[in-house]
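Going in written order, the chains are labelled A, B, C, D, E, F and G, and every chain counts its residues from 1.
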Amino acid sequence: MSLLHIMILIPFIFAIFVPLLYKFFNPRIHTGWFVLIIPVIIFIYLIRFIPGISSGETMYHSMAWMPSFGINFDAYVDGLGLVFGLLITGIGALVILYSIYYMSKEREALHNFYVYLLMFMGAMLGVVFSDNILVLYVFWELTSISSFLLIAYWYQREKSRYGAQKSMLITIFGGLAMLSGFIMLSMMTDTYSIREMFTQINVITEHHLFLPAMILILLGAFTKSAQFPFSIWLPDAMEAPTPISAYLHSATMVKAGIYLVARMTPIFGGSSEWFWLVSGIGLITLLYGSINAVRQTDLKGLLAYSTISQLGLIMSLLGIGSAALYFGYGREADLYVVAITASIFHMINHSTFKGSLFMVVGIIDHETGTRDIRRLGGLMTIMPISFTIAVIGSFAMAGLPPFNGFISKEMFFTSVLEASKLTEFNMETFGILFPVIAWVASVFTFIYSMILVFKTFRGKYKPEKLEKKAHEAPIGMLISPIILASLVVIIFFFPNIIADYLLKPAVASVLPSLAEGGIIDMKISAWHGWNTELFMTIGVVVLGGLMYMYLKKWVGIYRLYPQNMTLNQLYNSGLDHAQGWSKSLTDGYMTGYIRDYIAYLFGFFILFIGGTLLVTQSITLDFSNNAPVNVFEGALVLAMMTAAVTVLFAKTRLTAIIALGVLGYLVSMFFVIFRAPDLALTQLVVETVTTALFLLCFYHLPKFKEHTKRVPLKPLNLVISIGVGIIVTLFAFSANGTRLFDPIASYYEDAYELAGAKNIVNSILVDFRGIDTMLEIFVLCIAGLGVYTMIKLGLDRREK
Amino acid sequence: METLMSILVGVFFAIGTYLILTKSLLRIILGTSIISHGVHLLILTMGGLKTGGPPLLGLDSLSFTDALPQALILTAIVINFATTALFLVLSYRSYKLLGTDDTSQMRGNEDE
Amino acid sequence: MKEPNDIILRGVTKVAVVIIFTFAINLFFSGHHNPGGGFIGGLGFAAALTLLFLSYDVESVKANFPVDFKVVTSIGVLIAVFTGLGGVFFNEPFLTQAFQYFDLPIFGKTELATAVLFDIGVAFAVIGTAMTIILTISEDR
Amino acid sequence: MPMQVLINLFIATLWMFLQDEWSVLSFFSGYLVGIFVLFLMRRFFPHNFYISTFINIIKLFIVFIHELFTSSIQVVKQVMRPKLNITPGIFTMDTDLEGELEITLLALLICLTPGSVVVEVSTDSRKFYIHGMDIPTSSDSLMKSKDRFEKSIKRVTRK
Amino acid sequence: MIDTFLTIALVFLTLSILAAIYRLIKGPSIPDRVQALDNIGINLIAGIAITSIMLRTTAFFEVMLLLGILSFIGTIAFARFLERGVVIEHKRHK
Amino acid sequence: MNNLIILPIIIPLIFGMFMVIFRRRIILHRALSILGLAGTISVAAMLITQIQSKGIQSLNIGGWAAPYGVTMVADMLAALLLITTSVVALFVLIYAFKSIGRDKEEHYFYPLFLFLISGVNGSFLTGDVFNLFVCFEVMLISSYALISLGGEKGQLRESIKYVLVNIIASFLFLIAIAYLYAVTGTLNMAHLSVRVAEVGQDGLMTAVAILFLLVFSLKAGLFLFFWLPGSYGSPPTAVAAIFAALLTKVGIYAIYRFFTLVFYHEPQVTHLIIGIMSAVTMVLGAIGAIAYMDIKKILTYNVVVGVGFILAGLASFTAEGMTGSIYYLIHDMVIKALIFLIGGVIIAIAGTSKLKDMSGLIQTHPYLGWMYFIAALSIAGIPPLSGFIGKVYITQGTFASEYYWLGAIGLFTSLMVLFSVMKIFMNSFWGETILSEEMEKGTTKGVMLPIVALVMLTIALGLGAEGLHDYVQIAVEGLMNPSLYIEAVLGGNGQ
Amino acid sequence: MSISVTSEIIAGVLILIGTLFSFLSAIGLIRLPDVYTRSHAASKSSTIGVLFTLIGTLIFFLIHEGVFSIRLLLVIFFVFLTAPVSAHLICRSAYRSNVPLSDTSVKDELKEVLEVDK
């Protein structure tokens, strides 16, 4: 176990102690202070990797978990992982700091909160640092679980539970799909190590499971990253406390899907399916999220859709960038490297500005008691710091200078423009859609960014609609958003620090073959002159500004969209219907009526056994080795059938029992005829004792009722029973005609020499197969006890 | 003989099955009893019929019938007896408690 | 004369039960070489007891056979199992039966087999179970 | 009576000692000797000589067999008639026999007598209610046989 | 020689058993059916005796005796049930 | 010869019999039952080490050489199931101490419980078809007594169905044996394997195989599971838990035994049928699990899903699939016992099994809640809990045999399973707390120990799956290579 | 004629007579009007029938096979002992379960006795 492993596992280990710390120190010391140490330590630890990684090194440590299965906790740090690791711990630290002020130590179950949070943090680190896909999957599911718990942190609320369940169902569904994709990958390559898979890309590409595996893995990524149409869980996840929304549902967990796509790009990238799926779904999500964000009235809802939209943007960039692998080395590839760079860059930027925005929204919620845009307004003067942060965050989100969002969005425009010029992957036809969608979505992004800032902070202050008297947040709560907002600005001015130390190694991980060729060479600048991208931005601002101003005029359009057609509605009614339908289906065949169950059983018997006999054509009628029949035996058979029929049609239960007794006697007569004295004896006694039992129980059992005296004739029952009879008989014919081996019985004829007994049956019973007999009397004994218990336990109670 | 027995066994199974498919608990038990006869005769038939004397070495037969199926049937008979006893008691206890021997009224869905 | 007079039945039952008991014991012992054995012997014994119950009543028969038949059953099973374990102590497989011929006074050349002991267990278990079941049911109200 | 049997057994065993021969045959001959000795000594015992009881049992048995035969044949006859012509019914019969053994034996005999089956015995075991196959004939023949039956039975059961 | 006798005997026996079966089905009362059962038991004893001769084996003598015993017990059980509705009484009222 | 093999059958038997003799000494009953299970655990452990070092162990009962006598065989699969059975039973037993009630204790609860274990163990160990029937009966008859123990209305009603279905299954088992004996003339499984291999698995033999499949499916609840939800929902918690954990496993084991040792020649027919049946089972089971808002129903349908999933591994008929199945089998025994125990506690506390009548229990029972949560994750195969590795390998097996649909159904139904068990968690533990501690109908007092222990076990089996690897590998090797079994039973002269 | 053939003939004839008795009693079982009268046929004729058959068997095995079977004697004794009791009990149970006497019956002295007690 290396230090790296310890760093990944330490959140889990520390989580165990959180409840204790909470127990001992709460409410004197906020539990968050203890927890804060963890991400800080790990962050510092990870920072130390930057120089090495940026110069092309990687870190790899193996830790045996299930070595025999090839499932080892192989921790691997490269550029891509490091970016994520820093985000997870960096934002994590800030979120925890923020939460110390946000989460009341008096009212909240902080131990739960921080346990979940730490669990999530560890899981997330595990995802990004795992080389082994199964281990990655383990951590992946853990993030879903901890997210589930965090969303339902206020578990008393119906909506929290609803949101938690939804996110769980969707993300775990994706996780399972991803798992099956992983399994396919491992079958192709005979390894679970991603790095080893990279060495067998040819094998994978030519395998017939290539496409299924790709789609399945993408399902995992898309569900996690809330891509359309799986995005529906994210808005409902906003029921979680705001620090969690900031952390999981915008900065980190939802980016796990991004990570996965980036990580898998070397394997699947370069194929048109990958290109189309990733960029296409990304663009659709981008558009869908931005359009929907505009109509939100809840600030967190707006941020949620904005997150969906931004994730779509990042995703589409990864898709476009994957084309680089199609081209191999060369100029075209170099261009698509921009897309990958942009995606990672924008991901970082998004974490900063969205994180700060969430925190501000949290502050507003905290200080005013509401997040409803319609009730808010005019907070600018009351909460100036928050306002400043909000402006920085929103403008960055809208892609305006001088904020980091501007740069990455310009790169995005560059990428979609480049993509539209592609001649491969059918882009001749559809390529133009890329910049169009990007531009339209940007307009909406601009609008909702403006809504966020100006509807909240400008306009009329409406204290009557607020639950609390609003004032600026305590400084502690502001530290984290301030730091993030500062980053937003700093990155704009010094993007190349990030580019050199983080982006370049990360892109090298995504496009390793290009990295090896030394092709990746990036220089990010805010200013590229008056190019198409800039004009597009200006267009966005102009149109967006106009649309924002006349928002009231056109926002009604949203209402035209039928409510029952929304994805959410689809999910809800789908789930309801699934449950209702399941219930009616299950109730339909699980009738509780034993007759039906027996009918199923025998129906299955008839179909399967009869079917097998028919299909394999194994019904043979060979009567040649039959023993002869005499009149007496024939008559006895007739008598037996008659007795059985009498049992069937008996109108009184006594008649039935007597007929059954006759049947029993006749059966023992047959045992005599077939030279089985022991059997005849046993059959006789058992028959008699059974009859006595029947009579004993009759005292407690009712007579055949008047209307059921005659056994009712039911055609289906008749068909089933005749079917059973016929199949048993036919099977017996066939088995009788197909005696392939001599039975082992002749051995027992030496019973006297072997076992000192002249009665072979008895020697089999007590000696050769004595264990059968031993267990059989055991059965008898248990039956006796069972009868005793069944009767006496009830009796004793009644007597009490 | 084997053919005749196979048919007989089939008839037993058919009648037993029909009884088991009725509503009355008692008829169901009767059905199982008839099937059990069918089962035992089938085992005997499948072991081959009438090829030698009873499996008693003291009687100086030249050949013996296959004793193994007989031993198996003996075990099966006794086990079937145990099961039947338990089932009978279970049935009448249920009748007493549930007030019916009609299995169609023993569905026990939902509300209780 | 509400209650039927069972005098005839009882008279015959006494004789019959003596015969059946003897026959059952005979069936048990001859089982090794002739039809019979632990099961049938035990069941025959149980049949005789049943006849007694039929002709008399539970209480009076129980007064004459004051045993807990469940215990009889368990002891029967235990006898069978421990017979089986006997072989284990001689490092033979479980349930290895041994038989040997001895020259005994009066009985002459006699075969003593552990299988007989095993069969006794079987008989006990069968008797115990049959009686437990019959008695329990007839005691139910 | 049991005492006599025991003594007889003792004599048989003694005989084997005397003969110094341990076999069934010698036991049997010893037993015969014992019977003879007991016969000689019969006046000294409080009960009848047990062998005479034994002989009475055999006599009773013969009565049984006889009844069985005649009654069977009668039933068969009746059954064989082309047209059934019987007048069955239940009639009463008193008895002075006492005790389980006597009553049982009588009942068995009656059941084996032509055309009669005991349906009930009164609570005090004094009255038999008998189903007759053909009332006049069956009750007549039964009344005729009754005394004979009772006598044979008493000879076995009483001293 | 004897086998001819036995075959004829078996035919008689078969007919008797079938007659009893007829009674079993026809009834009309339960005691009739009990009687049929009892009768079949007795007839089967004879049947086993004849089979024993045909097979020249004494292996089934026990079966005969047991059949005699058990058909008796069975008949008693039925009779008692018919009389009292109970087969085994818990305690006889005096 | 290895007399150890018989001990797992007769230790519970003997101990139980002594309890019957000393009926009123309940403390003695408890002590003996713990002792008995501890005994079988140690025997199983010893067997495992012996099998590991010396190969498959066998015991010719009575010293009669196979195939003439009855041979008991302990291969690694059986031994693993044996030890899991005993361990799970031990915890359930401890749970029963506090929950079953004095009157049931006095009415032979402990002996019957041990007898059930004895039957289960016997079924795992026997190498003879007819003896398997007898062992099944030991198990079944104990289960009949246990399922109706207490004699509540619903219990009796469901018991009738359970007993009847099993009686019919037993008949079918017997006729299957009859046909098998007619065709092959033997009962010893190894000998059967040899004989079937000798003539090939023709149509009739396949029909016999399908008949056996039918019989075992009834026991396992594979496709023919309709009897299961009702009967597993009715008995006392401890009994339901042990049923859920063990009984279906015996059927599953038998299917494994027969379709790897004897009827393995036509997998494209038999194993495909098993695969289809397991798919239908998983789907219908999962549908049943999500259909209801009733703890008992949800949990019992989950038992059904588990059965289907385990047999998917066999259907794949690949080493990976088998590996997964064995892992999952062990996991399933632990987790089903656990979740039934917790479910029982929840029902006891709330006084109802209807989810809509309960809420917010986590406020008063946080530990129980988190135990349930872990169990719920584990039952769905969420890593790193015990179901995970099995799930991965079963899926891999189905993929490897190109039954992608089967693997996909397996994974998808595991999501439905998660949904169903989380429904319980969210509805009973989450939400507003409506029941104060005074109003509760039951208590967690004394029953948390086995629950915690089983939770530890499911975690340990997940994180420590490596520890089982060697054993599972030996078991799989045995399954994939029938000659090992045949060699162990018949020796060199297998013909 | 050898002794064995003689024995066969004797045994055969006895058995034939026995089964004939059984057969005739079976006719009675069919023809007689009520359960009480039928019980006469069942208890007497079939008993004698089985007695003859068994004696025939006894003789056959005694002479032909040299086996004297106490068991056969016991069977005879047992049937002899129990057949009347069976008949008695069947009649009694029939009477007590209100099975009517046939229309041809002329007398029922038991009726009033039982009715008095009711």
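The rule is short, and it goes like this: a residue touches a chain if its C-beta (ideal position, glycine included) is under 8 Å from a C-beta of that chain, and two chains touch if they have at least 3 such contacts.
These are the chains along with the protein names UniProt gives them: A = Multicomponent Na+:H+ antiporter subunit A; B = Multicomponent Na+:H+ antiporter subunit C; C = Multicomponent Na+:H+ antiporter subunit B; D = Multicomponent Na+:H+ antiporter subunit E; E = Multicomponent Na+:H+ antiporter subunit F; F = Multicomponent Na+:H+ antiporter subunit D; G = Multicomponent Na+:H+ antiporter subunit G.
These numbers were taken from a predicted model, which means no experiment stands behind them.
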{"item": "Joint neighbours of subunit B and subunit A, given as chain labels", "value": "C, E, F"}
{"item": "Centroid-based (C-alpha) most distant chain relative to subunit D", "value": "A"}
{"item": "Farthest chain (mean CA position) relative to subunit E", "value": "A"}
{"item": "Chain pair showing more contacts of the two, A-E and A-C", "value": "A-C"}
{"item": "Subunit B and subunit G: spacing of chain centres that average the CA atoms, whole Å", "value": "31"}
{"item": "Distance between the centres, which are taken as Cα means, of subunit G and subunit F, whole angstrom", "value": "57"}
{"item": "Whole-Å separation of chain centres (CA-atom averages), subunit C against subunit E", "value": "25"}
{"item": "Separation of subunit D from subunit G, taking each centre as the mean of its C-alpha atoms, in whole Å", "value": "18"}
{"item": "Contacts with 2+ other chains: residues of subunit B", "value": "20, 25, 28, 42, 45-48, 53-54, 56-58, 68, 72, 74-75, 78-80, 82-83, 85-86, 89-91, 93, 97, 103, 106, 108"}
{"item": "Sites on subunit A at which at least two other chains make contact", "value": "587, 592, 594, 598, 673, 675, 677-678, 680-682, 685-686, 688-689, 692-693, 696-697, 700, 728, 732, 735-736, 739, 743-745, 748, 757-759, 765, 767, 769-773, 776, 778-788, 790-792, 794"}
{"item": "Residues of subunit F touching at least two other chains", "value": "13, 17, 20, 61-62, 130, 134, 137, 141, 144-145, 148, 151, 160-161, 164, 168, 175, 178-179, 181-182, 187, 230"}
{"item": "Contact pairs between chains, per stated definition", "value": "A-B, A-C, A-E, A-F, B-C, B-E, B-F, C-D, C-E, C-F, C-G, D-G, E-G"}
{"item": "Residues of subunit A defined as touching subunit C within the complex", "value": "677-678, 680-682, 685-686, 688-689, 692-693, 696-697, 700, 755-759, 762-763, 765-767, 770-771, 773-774, 777-778, 780-781, 783-785, 787-788, 791-792, 795"}
{"item": "Subunit F contact footprint on subunit B (complex, rising order)", "value": "20, 25, 28, 32, 35-36, 39, 42-43, 45-48, 68-69, 72, 75-76, 79-80, 82-83, 86-87, 90-91, 93-94, 97-98, 103, 106, 108, 112"}
{"item": "Touching residues on subunit A, where the partner in the complex is subunit E", "value": "630-632, 635-636, 638-639, 642-643, 646, 652, 654-655, 658-659, 661-662, 665-666, 668-669, 672-673, 675, 677, 680-681, 684-685, 687-688, 691-692, 695-696, 698-699"}
{"item": "Interfacial residue positions of subunit F with respect to subunit C in the complex", "value": "1, 3, 6, 10, 13-14, 17-18, 20-21, 23, 59-63"}
{"item": "Sites on subunit B touched by subunit E in the complex", "value": "53-54, 56, 59, 61"}
